[in-house]
Amino acid sequence: ADKPAPFDQPEKVSIALVRYLSTGDFFQAYLTGAQEQAKALGVELRVLDSRQDAALQADMVDQAIALGVDGIVVQHGLTESMTAAVQRAVDAGIKVVAFDVDVQNDKVPQIEQSDRDLARLALEQAVKDNGEAFQAAYVYVPGIAPLDRRDETWKTFKGKYSGIEEVAQFGTLDNPIANSVANQASAVLRANPGVTVVFAPYDEFAKGVKIAVDEAGLSSDIKIYSADISTADIQAMREDPSAWVATAATNPQLIGEVSVRALAMLLAGEDPGHNVVVPPTLVTRDMLLESDIKNMEELSQKLPQFASTDVASPDWMPKVGE
Amino acid sequence: MTLAVRDLSIRYGFFVLLVALAVFFYAAQPAFLSLRSLIFVFQSVSITAILALGVTGTLVVGGFDLSIGSVAASSMMAASYAMVIWGWGTAETVALCIGFGLLAGLFNGVIIVYGRIPDLLATLGTMFLLLGLQLVPTAGRSIARGMTLPDGTTATGSFDPSFLSLGRARLFDVLPVSVVVMLALGVAIFVFLEFTRWGRVMYAIGSNQQASRLAGAPVERYKIAAYMISGGFASVGGILLAARVGRGDVSSGNSLLLDAVAAALIGFAVLGAAKPNAFGTLVGALFVGMLLQGLTMMNAPYYTQDAVKGAVLVVALLFTFSMTRPGER
Amino acid sequence: MTLAVRDLSIRYGFFVLLVALAVFFYAAQPAFLSLRSLIFVFQSVSITAILALGVTGTLVVGGFDLSIGSVAASSMMAASYAMVIWGWGTAETVALCIGFGLLAGLFNGVIIVYGRIPDLLATLGTMFLLLGLQLVPTAGRSIARGMTLPDGTTATGSFDPSFLSLGRARLFDVLPVSVVVMLALGVAIFVFLEFTRWGRVMYAIGSNQQASRLAGAPVERYKIAAYMISGGFASVGGILLAARVGRGDVSSGNSLLLDAVAAALIGFAVLGAAKPNAFGTLVGALFVGMLLQGLTMMNAPYYTQDAVKGAVLVVALLFTFSMTRPGER
Amino acid sequence: MIDGGPGGRTVLEIAGLERAFASNRVLKSVDLEVAAGEVVVLMGANGAGKSTLVKIVAGALRPDAGEMRLEGRPFAPARPVDAVESGLCVVHQQINDAVAADLSVAQNLLLDRLCSGKAGAFHTPRRARREADAIQAILGLSLPLDRPARDIPLADRQLVAICRALAEEPKILVLDEPTSSLSQREAERLFGIVEMLKARGVAILYITHRMSDIRRLADRIVTLRDGRITGEFRPPLDYEAAVTAMLGETIARGGAERRFGTEPVFAVRDLQLTHWSRPFSFALKAGEVTAITGLVGTGKSRLAEVIFGARRPAAGEMQLTGAPYRPKTSRAAIEAGVFMAAKDRATSSLVPAFDIARNLSLPFLKRRSRAGFIDRAVERRRARRTIADLSIVCRGEADAMATLSGGNQQKVVVGRWLSQASKLLILDEPFQGVDIRARGDIARRLRETAADRATLVLVTEIDEAVEVADRILVMSDHTIVGDHRAGRELDLARLVAEVAGEADHSSTRLESTAG
């Protein structure tokens, strides 16, 4: 009732979610969050999937403009292809927020899950568990923006702790990723028997490494540190034994909610700030076992900082589940 | 009489389907049938269509080119590398990329014709080769302005605005350049295949190579030329991709191969041709584009798009092909 | 004499290459040539090889199956869905998946044979169809124990340990089940194709469909059967994948397809067969597996693997094919 | 009901059979009977509907109306296998419909057994060899069983198809132009088999255009014209009347006047086809039709391919209009004015995806186009003219090749190379499957157009050589062993002896070497 315009008449508001990546649990959860938040606000949400076609994604922004939406959430994408398109939307008087893509525009708040923090949390845990000197294998595929950012942290870390020795680097995005990475990891583990830590800063990678470690019967000798989380990951970490001991993650559903909330604030004439950071949480195997967490819902219940955040939540904003 | 009906439905069944779909989408979402929307459909398929037109050339001589997706991706990387790292201008870059595409086609053609490797196999090899090689210069990184090179230095070049305009500018403020290129190449290859003697010989080779040779056709040269056309077109696709994306992105171009092949193969069904043909390929590409556009407008989840694409493909083709060769028994 | 040398190099050149590679990798990394390592190579290619063996069947009758990758992926999703959401046991789940694979093959076969759609086109349609459909039941989510369903409830089932052991257990503590399955299917299809009359008829159909029909072969049934074999094998691959990964993984990619096709096509070159054959397919798959395994052990970056795979593929095939049919002129 | 021939009991009865392709009525109420132990020869011009009839009987095509009875029981084969199982075997005209080129000869010999399910489940290569050997023994052949079928000559492929049919021990055997690519010797062997089967009481329906076959085998002749039975002839057989009934007119038989050219156009000197064969020389003159005859496999096609640039000779030289001629490709040969109509039309000449007009114009596209663009109107007009000149039976120049009968396809092949002036025209087995009138038509066209060019016709049948040629060369063992003037002074006995390889080889060097 006391919501600011235009949310006093939310059925007249429509927003668009223009996505670059869509296949996978992270993106699905993100979408769910965005949809739930839109429902809570009572606004219409159109989803435009470019399916990893950067050029198409830029066109889709234009399409959204043509459809006459009030606001746009850009989810992932390439700076180069999105900057101009977003500028056109801004010029057309449309409010835009961007998640995980830098569109180089002062008028566009950046929603971030802070990949650097994710990697830092996981690596700090690794140092805590294994000391400052160990042989590590690293799973990395360059050219993927979040992985590149996590890679920067890894480089910094190696610089800081000279005792950390990276003896092997591998990785692939061949589908199914977990299966292909498992094949690679088996080879790497046999070629480098001294490895005790595997840094796999993407849950698909970690899953694959875990399969290889299990198959080699090394579950108690090797520890896997990773980023991102899903119900399947929780199950994998909980297995007995499991080499996957810790992962740093932001709740993708929460990011979806925050993205829409930030956009709603813009539409209501408020300022969510230029960088809207959703802080990551470290999830360890011990935590999962102690609190008997079996899926994402339970994780949200038992780790409140994972479930919700005050980021971008003015008083009038209806929240999901309220 | 019944014959005429069948004949008509073979020839125009596909168009009826196209129109029916358009009407359906229009009913669901009137914005679907605007000029903007139409142009958007054209633009969204332009790169796929260009690749598909190229592969049509190899289909005509009875071959197949699985390497087009990776040729396009490599050409995109080459364009980005030339501009961002070497600081080349637009003209040289475009020449480099097309040269590269022709070379890749030449390679394919030579190992197929003189190495006698079956076409699927040879081009699959080339595909893997290029998928890997394109990442070597940057050690797997995407190429962007100001990127850090493997040797630690920072790239100083950037994309030339005139180059970027290839992907972004619009003719008369309406037609995107990539659509113009697609239409131009489409018309060119259509005229070439249908009306010139070289195109005729290509069809002859595809139908009976031995007979064509004994009728005086330099079969080897034609086949190699077909693969060069295919490679050249793919590299043009890559250039447009680079211009539109503005970056040598390692993951762009993944789905190009399958979508292009789908378009070229759907083209078989258009006008009841039952053979590879350039006009059909263009229509096939537009068909897929329209479908995806319509579904997006109706807010269908992304995964239904594949399913619907597949279903309509099967139904359309079932309809066309099961009628094409009548009463064999 | 020179003929004998050429003959030998055609027949055994591929093996020489294989041994040379093994020696090279061994020199670089002694861990490469252990029993474990060998078994691991087998394991890493088992799923690809099973798919490749299936596609060999369709190649033999002169067809092609582009849908195997998506059939395998769908079968993986089906297995996960049955266990995690319906709480089915191992036997029913395996039966369901294989049934599904056979059905997909039947569908392919019927639209190819009776719908007269060219095989590449028909199976491409099926591929897209399944890529989309497999995501519908879970609305695009991966399937894992305790997952939340689209309707908000939580899945109660879980993977049966006996099912998981299909992907994880080892016979006599040495041979992984998936390798056993691969070898068993390989031997079965090899014997079937080479030594039974049905296999011979399949080759006859592939070589001359009309002649086979006139000689009394029920060509339609054979072709449909070939696609069912292909679908069935792909679904077995999917089951093993689900058992290994322990999850119904949403994956849009087609790496499985391309690797399987590569293996089947490399098989052409083995023993100078120059035609699809089961033994060659297995060797082809092992070859690719060994290559990737060796390169990973040598810490080669991932992108060199594709390049080397492509290069070796091209060189091996150039070698074999350019010699296979001598003196045509 | 007519009582059967020498045997008696009627095996196959056909009544009121009809079949149309689209609006083209190919069979119009055909009645036919074949009795046990009888050879019925079905004669008909190209496109009369013979092969269509055969395909219906074999279960490869469905009739539109009419009924068939086999040994008194209704017979309506839905699939080829039904016919075979009822005891009716067919050797089809298109050899490519009978042989799978990639499979070994042994597999091809066993194809019926494998495909129709009579073989056991397991099929080892050794067992296959044994069975295949048994099958080829029926015709006393010794083919290379392990070679792929594509490597053996057309004639051998034809023999494979015949052997296979015989191996089924049929009650009725249908042979659709079985001798069209066989030489005399092999044909003789086939005749022996046919006679043996006849003695055993097998009914035989035999389709051919060769009068020699008919004279040798026929117990009864039935003629088919435009899809209707137009005559039935019993002993004593009146062959002339049969031909008239088949064509609907009498053909003028007067021997064409022989012409002997003067101007040498093309010459070979000391040419060696293979490194082991003996060199030979000859010259061809303008306005003259020269035939080379010889047994199958003696190198006639090889010679043609050498002249046409499709193959390299082992040694020797060639001259065209006085200048050295050394074509590297067929394209070079065509550009120099040397044309060749290859044998085995399905694999070497016809483009199945093209209509008649496009097939005719294929080698001459450059001349039919301006700035690369093909002039379709000219192409069509010229096609219509060729169709008229050679009386090709079709609905129009836009007909697809597959809808033409075998003989008419052959006319398209010949017509293609006659449609443009050349210096030397080589025709390799141009009369394969062509009816008697069409043969006359082709021969007449060859003569009419021969004025400025040399014409070389390669035929296995001596009859054909005698009919078309002004001069006959004999080839044996990859070399030329005889040179004859056709016409009255032809020494047929010597020619036959040379063909059989009994000639005095010292006479290899011919008097008429290049000037």
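In this document, chain identifiers A, B, C and D correspond to the written order of the chains, with residue numbering beginning at 1 in each.
In this section, a residue touches a chain if its C-beta (ideal position, glycine included) is under 8 Å from a C-beta of that chain, and two chains touch if they have at least 3 such contacts.
Here the structure is a predicted model, which is why all the values come from computation and not from measurement.
*Asks:* Which chains lie in contact with each of subunit A and subunit B?
*Replies:* C
*Asks:* Computing the C-alpha centre of each chain, which chain sits at the greatest distance from subunit B?
*Replies:* Relative to subunit B, the chain with the farthest C-alpha centre is D.
*Asks:* For this structure, which two chains share the highest number of contact pairs?
*Replies:* B-C
*Asks:* Counting in whole Å, what is the centre-to-centre distance of subunit A and subunit C, each centre being its mean C-alpha position?
*Replies:* Chain centroid spacing, subunit A to subunit C, equals 33 Å.
*Asks:* List the centre-to-centre spacing of subunit B and subunit D in whole Å, with centres computed as mean CA coordinates.
*Replies:* Roughly 45 Å, centre to centre.
*Asks:* What is the distance, in whole Å, between the centres of subunit B and subunit C, each centre taken as the mean of its C-alpha atoms?
*Replies:* Those two chain centres are 28 Å apart.
*Asks:* Mind checking the centre-to-centre distance between subunit A and subunit D? Centres are C-alpha means, answer in whole Å.
*Replies:* Distance between chain centres, rounded to whole Å: 74 Å.
*Asks:* Can you tell me which residues of subunit A touch two or more of the remaining chains?
*Replies:* 22-23, 51, 141, 173 - these are the residues of subunit A that touch more than one other chain.
*Asks:* Mind pulling the residue numbers of subunit B that touch at least two other chains?
*Replies:* Residues 135, 139-140, 254, 301-303, 305.
*Asks:* What are the residue numbers in subunit D that touch two or more other chains?
*Replies:* Correct list: 310.
*Asks:* Touching pairs of chains, which are they?
*Replies:* Touching chain pairs, listed by label, come out as A-B, A-C, B-C, B-D, C-D.
*Asks:* Any idea which subunit D residues touch subunit B in the complex?
*Replies:* 21-22, 61-62, 308, 310, 329-331, 333-335, 340, 342, 347-354, 358, 362-363, 365-366, 368-369, 372-374, 416
*Asks:* Help me check something: in the complex, which residues belonging to subunit B touch subunit A?
*Replies:* 31, 34, 36-37, 40, 43-44, 47, 135, 139-142, 144-145, 159, 167-168, 241, 244-247, 249-252, 254-255, 296-297, 299, 301-303, 305
*Asks:* In the complex of these two chains, what residues of subunit A are touching subunit C?
*Replies:* Of all residues in subunit A, those touching subunit C are 22-25, 28, 31, 51, 141, 168-180, 182-184, 186-188, 190-191, 207, 211, 214-215, 230-232, 234-236, 294-297.
*Asks:* Write out the stretch or stretches of subunit B touching subunit C in their complex.
*Replies:* Listed in rising order, the residues are 111, 114-118, 120-122, 124-136, 139-140, 254, 258, 261-262, 265-266, 268, 301-311, 313-314, 317-318, 321-322, 324-325.
*Asks:* Where on subunit C is subunit D touching in the complex?
*Replies:* Going through subunit C, the ones touching subunit D are 195-201, 203-204, 206-208, 210-218, 275, 329.
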